[in-house]
Structure formats: C-alpha cells, structure tokens
C-alpha cells in the first residue's frame, strides 16, 4: 500500500467539507482509480469530478498516471485566478 | 505688422542662446519667411533649421502657413520624450 | 549581464500590490521599458464571456474571495516566467504577483510586469502572455460574493500532463 | 456610464511617478484590467536604433535632462488620449505622464496607462499606441549627459500640419 495525501481546493474543498485527506491506496492505483474511489465513498463530490484537475507532487497529471508513494495530490476545478 | 512670440526649445534654444523672441513681422509672412529671416539674422541657428519642427498656437504648422496676429510660435527639433 | 542575474519575482500574498516597489525591483541599469498588466475586482460585471451583455445581464459584486494552492502556484508562476524568457530573450526582469483573500471592487488582484532595454523587444507581448498563462495553469481560484448569493468562478482550461 | 465620465489624466511633472496612485485614479467600478507602460533612464545604453550593438557600442549615461513645451505638450497628450479612445472604444481610463528635469538611471520617466473592463479589449495595444504617439507628437526633449560629454537626443518623426 502507498500513502497519499489529498488536497482539495475551491468547489472540491467545499463539496468534500475537508481540506485534506490521508489515504492508503494500492501501489498500482491510477488517478482514474482514485477518482472512482472518491466517487463511491463521497458521492457529494461527483458533480465536481467531471471537470476536476489533478496534480501529483504539484505537476498536472492525467487519469492514467500511477500514484507514487507519499504523493501529494491536488484536486481542484479549472483555475480562475487573476 | 503682426506681433509674434517665438519660443525655442532644446537645440534651438541652446543655439539661439535665448528662450523667447518677440518680433514684429509683415502680416503676410509665412513660416518659411520667418525661417529665412532667422537664418539671416542668427546664422548660428542654421544647423537646427534644416529639421526644425514649427508650431503656431500649439499646432504643428507647415512652411507655407501664414503667421496670424499675436501668434505663439514654437521652434524645436523632432521630439524625443518618453 | 547573464540571464541568471535577471530578477524574477513571484509572490502570492494577502498584502496590497505595490506597483512602485515591484517595478523598482525588476529595473536594472540596462532597463529602459516596462509593460505591466494589473487586474482588479470589478464591482459591476457582465456575465463571463459575454462582452455584448445587455444592461440586464450586469450584476453587482460585493467582493471576491481568492484562494491558492500556494506551493504549486509558486512553481507554476516560475514556469510562466521561464516560458516568457524562452519566448522573448530580451526580457530582463519579471514580476508575477497574485493577491489572495477577500478583495473588494477596484482593488488590484494580480500583476504581471516585464522589463527590457527597449519597448519594441516583446515586453507588451510578454506581459500579455504572462496573464494569459497565469489564468490557465496557476492554481488559484476565486469565489464571487454578490447581493444575489455566491458562486465559484471556474476557468475553462484543462492543463495537459506535465504542463 | 458615459464616456464623459471616463477619467483622463495628463501631466508633465518634476515629481516622482506614482504608479499606485495613477492606477487608482483611472480605475472605475467597471474596470477589470489595466495595461501600463513605463520608460526608465538607462544607465547603460546601446546606440540609438542599434539593437545588435556590440559591447563596444555601449556607453554610460550619468543622467538625462528633460524639457517640455508644457502647454503644447499637455494639448498633445490630450490628443493622444482622444486618438486612443477613437481607436479602442472599450478603454475606460487613460493616464499619460511625463516626468521632466534631471533624471538618473533606473528612474521612471514616462507612464502610459489604459484601463478597461477586460484585458482582451485593446488595453495592451492602446498603451503601446500611446507611448508610440507620445514619442512622435508630444513636444518633449531630452539631453543625455555621460562621462564623454552631453548631447541632445533627437527624434525622427516630422509631424504633419494639424496632427
């Protein structure tokens, strides 16, 4: 099992009701697999998962990325700074 | 005769050695005629007259402009602000 | 002067954006021109994307509340600066600043500034590119609070892997 | 809002150029974007027009001394602002400021700032146009003083009658 730390921002944070979540996940879990797990365990976040942007260790990551050990995973909507 | 006030700037001012000059000129004098008169009376300004920019009452004026009564005439090199 | 001596400032801050100070910090002895973009909170806003909005589409904003994924945002700001330098090699100094927290109408919220020896070297284009890229890849979000309620402003850009 | 309510600032001053203050004065409730150009005194300058200057062509500047035909310069600054508004009708506020007197390297000497609701409405192009036009038609001149002597910088543009 790998330890990962999830960070939620903006709508994701509000829908989850938490800023961070520490999880143990299988060593071969992908971002898609993580999304599926969140969707099942936190159905309230489903509306945000459709257009979620995901980062692994502060770099944008596609759904097929395998999550490394001790990853810091950011989950957030498309950015709207400025 | 018309009264006119000449204002010199930058190289024109330095070559003339004065900032302003009050003149009485014929009512039909043009800018070209004024340049000719300055050239004859102040030969030291000749080098600057080749590329001089002239304004009448704060608007750019071509050589053929007739100088109106009580005109304020600016004489200066191409601008270099910024 | 080596590019490594060229100042690059990036900052996510709750403090006021001080244009005079930032400009001074990216001005070198060889600098003759700066292009600066700032964004401010609009108190009256047309609907997003609708520049031909009717008066009826306008609404009032009480304030915007910004949040950022700060360490990643700092890394992505540095990436935007690197991209600018790769595209316009005459650029000397770069400042990229995002103010976060609760910000009221007319308040500057973001600044992108680029300096160069001369104005015809890409400074305007570089500043424009900088704000465009910030709005694509720097993880910052804003919630609009208005008399009618509050909603998160969401961007449209989906960054590619490794971008 | 009527265009007549849009702020236009033009100033020829011996005082420091305060970007924060000028930006605030051209920011309306409807403003969301500003593009600002500033020029500074270069302490190390390549020969005019020679961007590929060799190191041997560089020289040091001790200071620049600016002078202006102030009342005409103010009228021409207003004309530049009018031209900007005629070309980009989304522009809200405009500031055009030239500092004069003896100015040392790294000092901002000129500022052109334009504001609008959004950044894609011509603010960058308007600011660029503003500085280009100022350098063509606003009667201001500078003398460069360097260790090797002093000389007047002369422009190249010959304004047309009525321009």
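Labels for the chains are A, B, C and D, by order of writing; each one numbers its residues from 1.
One rule holds for everything that comes next: contacts are C-beta pairs under 8 Å (C-beta built on N, C-alpha and C of every residue); 3 or more make two chains touch, one makes a residue touch a chain.
For clarity, every value in this text was computed on a predicted model and none was experimentally measured.
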Centroid comparison with chain C (C-alpha atoms), farthest chain: B
Between chain B and chain D, the Cα-mean centres are separated in Å by 26
Averaged-CA centre spacing for the pair chain D and chain C, given as whole angstrom: 23
Averaging only over C-alpha atoms, locate the centres of chain A and chain D and give their separation in whole Å. 48
Note: chain A residues in touch with at least two other chains are none
Specify, in ascending order, the residues of chain C that touch 2 or more different other chains. 39, 131
What pairs of chains are touching here? A-C, B-D, C-D
If we count contacts the way the header does, which residues on chain B are in touch with chain D in the complex? 7, 9-11, 14, 51, 53, 55, 58-62, 65, 74, 76-82
Sites on chain C touched by chain A in the complex: 39, 66-69, 71-73, 75, 98, 109-110, 131, 134-143, 152-163
For the chain D and chain C complex, residues of the former touching the latter: 18-20, 23-24, 27-46, 51, 105-106, 108, 117-119, 121, 124, 127-128, 131
